[in-house]
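Residue numbering begins at 1 within each chain, and the chains themselves are lettered A, B, C, D, E and F in the order written.
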Amino acid sequence: MSIETAAQRKATILAEALPYIQRFHGKTIVIKYGGNAMTEEALKLQFARDVVLLKLVGINPVVVHGGGPQIGDFLKRVGKQSEFVQGMRVTDRETMDIVEMVLGGLVNKEIVSLINQQGGRAVGLSGKDGGFIRARRLKVKGSAGDSEWLDIGQVGEVERIDPEIVSLLDSRDFIPVIAPIGEGSDGEAYNINADLVAGNLAQTLKAEKLVLLTNTQGVLDKRGNLLTGLTAAEVQGLIADGTIYGGMLPKIDCALRAVCNGVSTAHIIDGRVPHALLLEVLTDAGVGTLIKGG
Amino acid sequence: MSIETAAQRKATILAEALPYIQRFHGKTIVIKYGGNAMTEEALKLQFARDVVLLKLVGINPVVVHGGGPQIGDFLKRVGKQSEFVQGMRVTDRETMDIVEMVLGGLVNKEIVSLINQQGGRAVGLSGKDGGFIRARRLKVKGSAGDSEWLDIGQVGEVERIDPEIVSLLDSRDFIPVIAPIGEGSDGEAYNINADLVAGNLAQTLKAEKLVLLTNTQGVLDKRGNLLTGLTAAEVQGLIADGTIYGGMLPKIDCALRAVCNGVSTAHIIDGRVPHALLLEVLTDAGVGTLIKGG
Amino acid sequence: MSIETAAQRKATILAEALPYIQRFHGKTIVIKYGGNAMTEEALKLQFARDVVLLKLVGINPVVVHGGGPQIGDFLKRVGKQSEFVQGMRVTDRETMDIVEMVLGGLVNKEIVSLINQQGGRAVGLSGKDGGFIRARRLKVKGSAGDSEWLDIGQVGEVERIDPEIVSLLDSRDFIPVIAPIGEGSDGEAYNINADLVAGNLAQTLKAEKLVLLTNTQGVLDKRGNLLTGLTAAEVQGLIADGTIYGGMLPKIDCALRAVCNGVSTAHIIDGRVPHALLLEVLTDAGVGTLIKGG
Amino acid sequence: MSIETAAQRKATILAEALPYIQRFHGKTIVIKYGGNAMTEEALKLQFARDVVLLKLVGINPVVVHGGGPQIGDFLKRVGKQSEFVQGMRVTDRETMDIVEMVLGGLVNKEIVSLINQQGGRAVGLSGKDGGFIRARRLKVKGSAGDSEWLDIGQVGEVERIDPEIVSLLDSRDFIPVIAPIGEGSDGEAYNINADLVAGNLAQTLKAEKLVLLTNTQGVLDKRGNLLTGLTAAEVQGLIADGTIYGGMLPKIDCALRAVCNGVSTAHIIDGRVPHALLLEVLTDAGVGTLIKGG
Amino acid sequence: MSIETAAQRKATILAEALPYIQRFHGKTIVIKYGGNAMTEEALKLQFARDVVLLKLVGINPVVVHGGGPQIGDFLKRVGKQSEFVQGMRVTDRETMDIVEMVLGGLVNKEIVSLINQQGGRAVGLSGKDGGFIRARRLKVKGSAGDSEWLDIGQVGEVERIDPEIVSLLDSRDFIPVIAPIGEGSDGEAYNINADLVAGNLAQTLKAEKLVLLTNTQGVLDKRGNLLTGLTAAEVQGLIADGTIYGGMLPKIDCALRAVCNGVSTAHIIDGRVPHALLLEVLTDAGVGTLIKGG
Amino acid sequence: MSIETAAQRKATILAEALPYIQRFHGKTIVIKYGGNAMTEEALKLQFARDVVLLKLVGINPVVVHGGGPQIGDFLKRVGKQSEFVQGMRVTDRETMDIVEMVLGGLVNKEIVSLINQQGGRAVGLSGKDGGFIRARRLKVKGSAGDSEWLDIGQVGEVERIDPEIVSLLDSRDFIPVIAPIGEGSDGEAYNINADLVAGNLAQTLKAEKLVLLTNTQGVLDKRGNLLTGLTAAEVQGLIADGTIYGGMLPKIDCALRAVCNGVSTAHIIDGRVPHALLLEVLTDAGVGTLIKGG
């Protein structure tokens, strides 16, 4: 293939991004960042470039990250045993300190630095900053089905999000990168599931898209084939008939709530694919499952 | 090639545009639009999309168009003979009316409409609008080398450009599309060479780039090979030794003046290549000759 | 008369303009400019000065011009026969090109230049600029009264006006001068009656006044006397009893729609009177017929 | 004369004001208001209308008023004897209270109200407001020529003007009306000559014009003929040869300082002429003496 | 007591002001200033400092002052007899001039100067300035209970307040100081009760607090004990049973109307207490009676 | 003491803060927060209130915190031995991770939360956020005096500070709280001395004051008495004669550089005194040593 032709192919592909940039220009996209995309070097780099590119072409990315594995590693290192209840880590105050240190001090700043290295200007936030994520203790029912509540410590849910600090950064050249930690009215820190924070934030910011980067292909049907587009109603059917189950359930729940509360579309995409974010937003190549309201 | 892989190639190409978008973000690029790129349907469409895409990714394109062939066609149609002196059309007042009608009424609005169809918001201007291109009669020496001045009518040169109306449109979502007509202090209209207007405008707007779309590959050396990058000094050498001559001379002169007056780079590119503009600005694939100061 | 006294008379007259300037300060006035006021040199000059003066004293004039006679002349010149249906020129695509050239390239720029010569800063626009006049094909019923539609080509009506570009110019020192050409959703150009465009624009801009410059004294009663002030209801009576008929009907219709849609008053005035516009806006000397709602 | 023709004459006169409005648009004009123009009912009304009209056509009038006669009347009424030294009223603290009451409470508010009645929005200020006129005690030499200083009490001169409050009002719809009272660094009030305040203010505001309304025709030559235009140099000659003398001297001195410190022109005009201000600013009919620098 | 300890006490007291500053930050407080606080030197100085301090900590004070005693003194001095009807001074035009002079020229400027001496930037206004207090003649019924109206001259009530000039000053560093004079639609001046003006202004500005400085402790119960907090309902009970009577009635009426029209709280406080204003706003030490709606 | 009198004392003390608030209004104060003030509960609470109060009264506090002891504790806990060279911790990459976790994740967010609990809106930043602290590796000479450089790992010094993100937060209601971590051009994290960061930031922000909270009384003379005020010259004398030595030297050096680079005053104050910050800024009770330029 001659150089000329390769160049023209490039140009054609760039030009094909035009309608997508037009559609999402000036809009906000909340991205839950986690899984392999957050641990494999090449994927990390590509993710950072994708985020910077979106910002430059006039789309406002807001990144919410997880960090469960990193927390687990560090707890092990300091010789702290982790106990889990219904998939959630029982989080005493000492564990919560470790959570804040790992998420806010290490993971968050690594992502910030990665984006900065690509020419972006990321600013890391925890929900304590400007008190913007107000949290409350998550109430968990015992599995025995009786009315007793389990105490799993500083695990929280979102009570209210004050979008001012995020919007302020958004409206400038800055890219907000958010650690999913909330602050109770009493000043206590709470560890919140990152999908939940991303979903809530997408609703509060009236985002165009909620994108959940996962280590799966997306939502699969019973024969294991990818379902590329689903309505809220179809999703509920798939939950009812057991097609969607297990670890996908909480993610699908965040997605559903978002599209039922003003977010145009939610996406459960495969973060293991290089440039998954860019493909999802700027091309017609779907890399997972799109969910829309109605 | 699997679909997945094609998608990833797309993503890679998009990601490769990142450093170019970063470099030119918020900058102004003045484009002289003419030649085949203005007459072939496919090229016209691609040009319009390129302009809209540049605007969307935060770069401010300003288009200056020519229209010599269209003027010639129309003059023929109304049975008006054209006389040329040193390559310039002798332009009596009646001819000037035709020039204004064809450039300002037809060609300009066709480009405006083309860009609008691609989702842009172009606004056509002639130099009379807001009186922004102040012109004076071009003085042409007789070829005999004597001191006599030839009268070629309403052919003008730029006296002064008031950038306010262009900057105003630029700072909003609008894309200025400019017909190279100037207004004398006495209110008379003057036909000005479009390359000249583009070069002057690039200087006044402190543009990052001046891009001249031509029907040539660019500047060629004596053996007909493309010279992809030249300094101002090298250009002067090539003029001196006759490598650059004829119709390329006035274009190269505009380019030189621009880079000597604050424009970072000037480009003489091949408008016959699809998406030539996009290739020039957003990729490492040169499609012509770059000229820089120093 | 002594110099002193003449001076004082001047001062008195200037002072008498005060309540009119106060009433219309910061308001927009849409003026349909046409007829003799657009062809006689002295009247043209006076019109341009009037427009500049209104702008300076804080009133925002928006000029919409016609150009039927100029189009006709030019069509004749290029040997193109004009056919009329119900008073409208059948406009094939070739004719439409001529319309755009004459209106947008020649007439519009001449008015722009005229205003600039008086110290104003006019900017010419066609409805294609920024795509601000969205048009659709005018549907014309055959005269036979049957249900058949006549094809008269690129003759359009206003579908929607996007006031942004006009308001932007208006809010600065610029005076918009508009050629009545609209753009279809398919990018096609349409020739629209200038009265219609002026009326629609006045409504969209929530103008204070719509002023139609004509070659008549205004609306006359059956005995040929000028009716200086009419309510919408009275106008409808005069249409019903045949006092208003013929060429006045479409003008009166534009005026009626405007005052029924938020424009305070519409004026059909005699453009043959020197400074007719100034007299209408800044003095108590009516020069035509005022129509108001209710 | 037919009505039509009278109307047209009006229009012509209005149109003739265009170049003046253009020249002074957005400029500030400081007017010392006093003498008959401040006491005769018809002149007062005309002055108020003139000020409102100037504001409306985009010129910013700032009014500084005197009030010597009114102060004298009131002092007489409260049985307080006035003593004068070199034409200045010896002003003890009790007298100063009366000065503030008459100037700030009565005269100032009467002018404010007069302007408001004509549709303007005047705001009265004394130099104490926002502390904007910082004054110091005027030092007066004894007439004996010895080095002794006379104590004439609370008579002051301008030390410094802080233009913020005046500019703030100016930049909105408000018309500042200023009583010539200054505040010392110790909070004491000082009575300052209104011509001096007007002159200083014109310099500080970088005004286009300083207009002093007087009860004279202007500066006269030795034979009593009006001198309509003078340069600073010519003025100095006329002072040297005794043509300008007496009460005109301090006025001419204010005018000179103003034109030597950035004010374009100073005008000593005849406030007894109806609409003197309007004639001066908006017509070619001079009503007094113009002084310019150089 | 050691210096250290005294210093710490200071710090503690400053720190205790925090919640009050937080609560009232960015809010407007309208203060009726009168009585001893306006005549005793030490109290005047403290009042001025309090006002400046409030402004600096982000609260916007608006001062409305009275001046009855000063008017009375001056009338006596010019030998003008005062007649009172139902506690209101019969105000002929000559008296009204004196009122304007004393309130607007003397008292207002003294307060302005006092605040400026403490580092504030006060600007004095009468209701004539910008025509911001539109007044109408107060109608007073004869005491005989018959339908006859008494003529007490230029005594007015508030018809409408245009908050623009006050808000403009408020939004900058300026502190408005207002003389309670209104302007009729005919340009006539009216003397209005200062409590009334303060109450009306508080409503128009949607103030947080209306503070009436008086020469009483506040509202007392039948045994002479201070009532520190009252609801609107309780106030009405106390009026009904005669606990509140006489001179307190009009004050209490202003307070009631204010809290029923959007002002959070009204305060009748003891202006004889040093720093009464500061104590009321920034500490938990009440110095009078608080009235709130509901 | 009666309640009344206690209240009045409060008011007096509040009023005494006026000149200090006036002087520092709108100014920025950079505070190095550390030592006991950061570990004792009562002092922490008072510090947080002081910061919130300063913000509310219009002064912009910027907090830079240390955290050496907390880092040491945590390193011990994870069984990591600390080695020190010339008082600086040798910081390998693993240690640097711990530094970032403890400073950015734990200490920073605890201060943020503390300020939020007092009603402020603190936002925590590390120098990585927005890449605002660009750092480079600190070069340390071996003690042997030879030319060999010691490698102490990720210990850095400030290369450049980009004030945009801090100024953005500052200009709104937010209080920046900064962990002294810098980012190298290669994306590496560096631990920087907090005094250094505070000093540099004060210079970049053109702060009014640099306040270093310490666990000492301030600078003492040879007999152990506090020196309350020193010029830069005096400080240099005290260094020369050995009065200032040891751990005070780097602090005094930061202070000196700040006052020599545009910061008005630097303060080394006793953070063990309750409300030390408030005392320093808003009262005349010095609590340490003031250093000024010249």
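Following the convention adopted for this analysis, a contact is a pair of C-beta atoms (placed from the backbone, for glycine too) under 8 Å apart; a residue touches a chain by one contact, two chains touch by 3 or more.
In this text, all values refer to a predicted model and were calculated from it rather than measured experimentally.
Peer 1: Going by the contact rule set out at the top, which chains touch both chain C and chain D?
Peer 2: Correct list: empty, since no chain touches both.
Peer 1: Which chains contact both chain E and chain F?
Peer 2: none
Peer 1: For chain A versus chain F, which are copies of one sequence, does the interface use mostly the same residue numbers on each side, meaning over half shared, or is it different?
Peer 2: same
Peer 1: What is the distance, in whole Å, between the centres of chain C and chain E, each centre taken as the mean of its C-alpha atoms?
Peer 2: Centre separation, chain C to chain E: 56 Å.
Peer 1: Quick check: how many Å separate the C-alpha centres of chain D and chain E?
Peer 2: Using C-alpha averages as centres, the distance is 36 Å.
Peer 1: Scan chain E for residues touching two or more other chains and write them down.
Peer 2: In chain E, no residue touches at least two other chains, as defined above.
Peer 1: Note which residues of chain B are touching chain A in the complex, please.
Peer 2: Going by the criterion above, the answer is residues 3-4, 6-19, 21-22, 25, 46, 49-50, 52-53, 56-58, 118-119, 273-275, 278-279, 282-283, 285, 287.
Peer 1: Can you name the residues of chain D that touch chain E in the complex?
Peer 2: Those residues of chain D that touch chain E are 77-78, 97, 100-106, 108-109, 112-114, 116-117, 121-126, 128-131, 165, 168, 172, 174, 181, 183, 187, 189.
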